[in-house]
Amino acid sequence: MNELFSLAVITGILTSAIRLATPYLFAAVGEAFAQSSGVVNLGVDGIMLVGAFVAFYVTLQTGNLWLAVLAAALVGLLMGLLMSLISVTLKAEQGISGIGLYMFGLGLSSLLFKLLVGTVQTIDGFKVIKIPLLGDIPMIGEIFFQHSLPVYAAFLLVPVAWWFLEKTTWGLKIKAVGQNPAAADSLGVSVDKVRYFSVCLGSVLAGLAGASLSTALVNLFQENLTAGLGFIAVALVYFGGWKPAGILVGALLFSTVNAFQLWMQVLGVNISSDVAVMLPYLLTIAALVFATNRVRQPAALNKPFERGEN
Amino acid sequence: MTTPANLQKRIQRVEMCDIVKRFPGVLANNKVCIEVNAGEVLALLGENGAGKSTLMRQLYGLYRPDGGQILIDGQPQVFHSPADAIAAGIGMIHQHFMLVPTLTVAQNVALGLKSSREPQLDLERVSKRIQELAQAYGLKVDPEAYVWQLSVGEQQRVEIIKALYRGASIIILDEPTAVLTPQEVNDLFVTLKRMTQEGHGLVFISHKLHEVMAISDRIAVLRDGQMIGSRPAKGVTRDDLVKMMVGREVKPLAPQPLQTGPVCLGISGLRAMGDRGTEALRGVDLEIHASEIVGVAGVSGNGQRELAQCLAGLRKNTAGTIQLNGQDITQASLLERMAAGQSYIPEERMRDGAIREFSVQENLFLRDHAAPQYTNGIFLNFARMAARTREVIQQYSIKAPGGDTPIKNLSGGNIQKLIMARELSRQPKALIAAQPTRGVDIGATEYIHQRLLEQRANGTAILLISEDLDEIRTLSDRIAVMYEGQIIGIVARGEATVEQIGLMMAGIPLQETRAKASA
Amino acid sequence: GQAATPAPAAKVVRVAVVMPSSTTDMAFSQSMYSALVAVQKEMGGEAAMEIKYSENMFKVPDAAAAIRDYASQGFDIVVAHGSQYGASVEEIAKDFPGTTFAWGTDVNTFGLPNVYAYTAAAQEGGYVNGVLAAKLTTSKQIGVTGPVEVGDAKTYIDGFVQGVASVDPSITVNKTWTGSFSDVALMTEAAKTHIAAGADVLTGSSQSVVGSIGAAKENGKVLWFGTQSEQTTLAPELVVASQVYDWTAMIKEIIASRAAGTLGGKTYTLQLSNDGLKIVFNAGYNLPADVKAAADAAIEGIKGGKITVNP
Amino acid sequence: MPPESHPRSQKSWLDDWKDLAFRAALPFLAMLAALLIGAIVLAFLKVNPLTAYAAIVTGVFGSMSGFTQSLVKATPLLLVGLGICIAFRASMINIGAEGQIILGALGATAWSLAFRNWPGWILLPTTLIASFIAGAAWGFVPGFLKARFRVNEILSTVMMNAIALQLMNLLIRGPLIDQAGVTAGTYLAQSEKLPESVWLTRLIPQTLLHTGAILAVILAVVVYIFLWRTTIGFRIRAVGLNPDASRYAGVNVPAYQALSLTLAGGFAGLAGAVEVMGVHHRLLEGITSGYGFSGIVAALFGGLHPLGLIPASWLFGSLLVGADKMQRAVQVPSALIDTLLGLVVLFVVGSAYISQRWAARRAIAVSKAGKEAEA
């Protein structure tokens, strides 16, 4: 048990946590955009799967990782357009269209994998880049500055997303549309356009989340590669109170506990593996219970907008 | 954010010709024609559901007309969305404010506008410009404040600034005074006057005829979607307007004095916190007798809302007691208070008073659905409920196709009648009525007033909270004026002038005013 | 058992298989599907043997429907390739006494004359892999990753641990279970954790271990031992050996006995001794001769009964 | 109100009928549209789409086994859907049915094995109750967290699913493991068989159709009565539509939100119970079969109405069975099925708005016609 608190192990846990948090960050920050504009997209997991496959496949065929990332973003965009069409233009119940999108993505990614690839293969994904100087700092360097590009990108995304939501005209529109679409509409802001944009932006990030899995974290594709990760990402948006910084905290908490339980198992701490695997979920719930300031969700979340209603 | 309002081309004249607008089952506008000129105020009158808001929403691009034309300075226009109308120089202050409460005033104003530092917001610049406009038109606001922190009057000023900021030269105000106190109405009128002087043309919608006569240059009246007529405001009397609107005469009420009974509702030392974390009630003492209407006047935000909520059991008080017929109900739950004979007509009827998607019948039994005479065990007795609903619809002349109609298809006045019916049919010992006629047309207002007086005659103690000083003065046996969470004074009917009450609302006790007058 | 090649029959043998994961999972389902295809090829292609499959049947009622459906379509042999299908097979087999059912992995034929049960003594290959692993580790730390400790995942690991202990009891074998059959990312991270903790040899079972292999590959120096299917292609430099389930002999025998009139009632166990289990060494990996010899000795020992491995 | 406000009086029965026919047909049209896309994919896979789709129809209606199978699948969908429906009426989104099914299945298994010697007439009903309570407990937790701490239920139910799964892994390999598997050295992750006295009677020999289907239909009617005819149901619906007005009407809003999730959990728990008691006769891995998610979809197909759910869950069950059948008939990868189902869900939810718009436009047209006739 003491071993668990040695410096090496702590370094190990935190390094793992940073890595594990990557897809959650992409997906959850993306979902935060969609939700800030009032659209719950439960199809994140499906989009991630298609993104993961496409990135994997393009890498397999061309070896060009940048092309792979671009392709993943593109299919994310396409699926975002589909989601927007159904839940913004056609004003469908968002929870259900999201689940439809999830099923579609799960099926499509597996189908394409079956048809185009067949068996599991590994690819050469993004390599670890040690940041000069910073990467050499003992402990800190290993934890923060020896990762692959998508990992850095995910963490960079947090301040960028914050800036976008809080400091730009577009961010203002997104938040207004999520809080009071009628007000935004009455000022000539196109609610549908803003929602399309936010959902699509979120979906592009979901596609990238998938790509980060298949080209940086596991370097392969397999049916249902995400294993429900996208749903956790949606939950993290609630955890983070629709704020990128809150999401960062949530994602890190979740992944740190996950890394911690893996180390506990590896070090042979006497605890049932099932209980260990439960830990991150239990802790996320507990953290929410004890979080003092609970943020209100965007007032128009999950409410399709139609002019003239109320 | 760079174009100042006065740089934009001024509209001289807006015409709406033969406008037709249909909704499922409703012909909301039937060949309606109006015109507004720069520098004048056109008042639009009509009962609830006459089609006023619908007409204006078409001018603002929110609806597309099914027929007819909109002309600006003689040029035909097609507005696909508010963006088009805004670009053409039209602004609108909506009946229900269109503000984002979680954003600041400056953010609300900047919303949808190009920034000078695109894509970054430039809120300092917006704030500066807001301040300039505020100065020019006499609209006091703090650009950095969050909208949720603002009083209703301040929110309205933000709405006006939003329109001015966008260079609107024709501005529509849909029932702007419904939620304002007399003082705020005065301030608003000063601003409106200044706007017409600056060359703005205004469309003003209101149910309060004296306001209409005070501010407007021309008056147009709509009834059942049709234009009844339009005439200059000069020389028009209240009775003329009422007849045009309602098609019959509606006389102001003159309640007879009544012998009041023993104290029914006793409030003493009541303190409570408000939503913004400050103390909203700071020791309220008030006694209301049976067969008495006590009106509570005050500038909104001085604790009236919190007082009503405390009495209803929706807000916890921090100190003090509430008694109902000698029984302490301070800690009682809402249901217990109801059982003890208390009724409550909430201020926000669509938010707190009724459920849009529920039917007339379901709304009628929202509070009493579990009463023994309408249930068998846990099962609802629909036959009894339906019978009772028919009775009530008849008795209170609620205009509804039937008891199973969802109330979202009813007009505001009829919804208010329904809530009245629900609360009064319980034969309450004490009734708290908050803003019972806000936004309700003249006919329905008269009706509601009659009912309140009837209830008073039946021995109910009524606490009437209203921002309509005329209503308070007409109905109340005594008037309690609230200022900063306390009752600053209580005057009997006829004991004080409007001016004196107005001063009390501003925090100057009656004695001081009188002392000054006699000095 | 000895598999006799079935006499070329005029009639096409119709075989259907229902399996819980995909035919390309590099593990359990693929091992059966490849075996069927191999037998088909040997028998002369589609003209001699028809194969139909239902994959990803992790929902048992769907699998039951599929099994019943194939039986009612007149398939001669229906393979229910998942231990969770047992109850379904027991029920359906009674309704189709003329159809042969094979199900595994289990040992129970329910006393029915038309049911074969089959299982793999995964602990045997586990033992051999364990011996190899113990000889090759220099850090004396070995990591095991898997989804859930059940079925042949458990028996394989149990055998593996015994194999390691037989060489050097001081070597530690650490196990992590991720709780999910599909969470590859967590599996990868589990493997990385083992590596960070000092392990230089890894093994594990089920379809999600491809994640662990990926982690080994990324590290570049950590060795891998596979089970169920041959996993060499996933990391040609690092996979030392794989225990491969080879069901071909069993299938051939079932077809032959059916032709001879025996519809079932027997239990098969894949073992090293009956060539159902094979240790496939990666030709691309430069295995020291003494280590290979130790492994061969273990194989012979198990085959000959000199070494007993407890499941 | 203008005189036009009673459109019904001007509508002929024919208009009504056309209206109804169109609105009822639209989901099917949407489904056909989705299948059309599927046909293109099938053609791409060199499979004749007609053969494939014929297999769906014959798969369900062509044989007793297919038909009963669709009912077997509809049963848990209906039960889960009922819970979703109750929660949704209180405006609670229950993503946690997967976990609640697991708990129900665990409850039924543990209870019936623990008291296996009890006579069937008492063991069977108590087993059902135990499963209801176990599922309800799993729904209560997020309900309580919502009521007491305002923890968003989407978040907590997702987390509770993961926890339930691990809990089952723990129990099914520990206290509940089938000892026969341990003895044989197979260590299968499944429980012992439940005592026969709690097996739900099979309604048709050689099929899996069991009395759970009847129970589910009865419960649908019960839930309908509960939601629309009782005071508690009234309050649940009121809370869902307008919490502020409900609070004002004296309803303890958080308590009813918690109650709705608790009941939702209970019904999902029953779904778990009928699966172990009616279909598998034991607890095994993958017991939920994804019904926790597809139940949400079925609930939506049924208009989130308990009675609408009866045909909707059957329809969805048939679709699942037919799709499986198609997979077997034309040997396409099973992933195609998920893809198609996803498309069907997307198209059908999307079509609801079109039908709404259409109805509104017809109402205007009808009232206009009436007006002109009057003039």
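As written, the chains take the letters A, B, C and D, and residue 1 is the first residue of each chain.
By our rule, a residue touches a chain if its C-beta (ideal position, glycine included) is under 8 Å from a C-beta of that chain, and two chains touch if they have at least 3 such contacts.
Quick caveat, the model's predicted, so the values are computed rather than measured.
Asker: Which of the two pairs, A-B or A-D, is linked by more C-beta contacts?
Answerer: A-D
Asker: If you average the Cα atoms of chain B and of chain D to get two centres, how far apart are those centres in Å?
Answerer: The separation of the two C-alpha centroids amounts to 45 Å.
Asker: Provide the C-alpha centroid distance between chain B and chain C, rounded to the nearest whole angstrom.
Answerer: Centre separation, chain B to chain C: 75 Å.
Asker: When the C-alpha atoms of chain A and chain D are each averaged to a single point, how far apart are the two points in Å?
Answerer: 28
Asker: Check each residue of chain A and list the ones that touch at least two other chains.
Answerer: 110, 114, 223, 228, 274, 277
Asker: Residues of chain D that contact two or more other chains, please.
Answerer: 166, 169, 173, 333, 335
Asker: Which chains touch which?
Answerer: A-B, A-C, A-D, B-D, C-D
Asker: In their shared complex, at which residues does chain D touch chain C?
Answerer: 63, 65-66, 69, 72-73, 165-166, 169, 173, 180-181, 184-190, 193, 206, 208, 275, 279-282, 284-287, 289-290, 320-321, 324-325, 327-328, 331, 333-335
Asker: Which residues, counting only chain A, touch chain B once they are in their complex?
Answerer: 167-173, 175-176, 179-180, 182-190, 296, 299, 307-308, 310
Asker: Which residues of chain B touch chain A in their complex?
Answerer: Result: residues 57, 60, 62-63, 81-87, 92, 94, 96-103, 107-108, 110-115, 118-121, 162, 166 of chain B touch chain A.
Asker: Mind pulling up the chain D residues that touch chain A in the complex?
Answerer: Contacts found on chain D: 41, 45, 93, 95, 145, 149-152, 154-156, 158-160, 162-163, 166-167, 169-170, 173, 293, 296-297, 300, 333, 335-346, 349-354.
Asker: State the interface residues of chain C toward chain D in the complex, per the touch definition above.
Answerer: Going through chain C, the ones touching chain D are 52-62, 64-66, 68-70, 72, 83-84, 87, 95, 105-108, 119, 148-152, 154-155, 179-180, 311.
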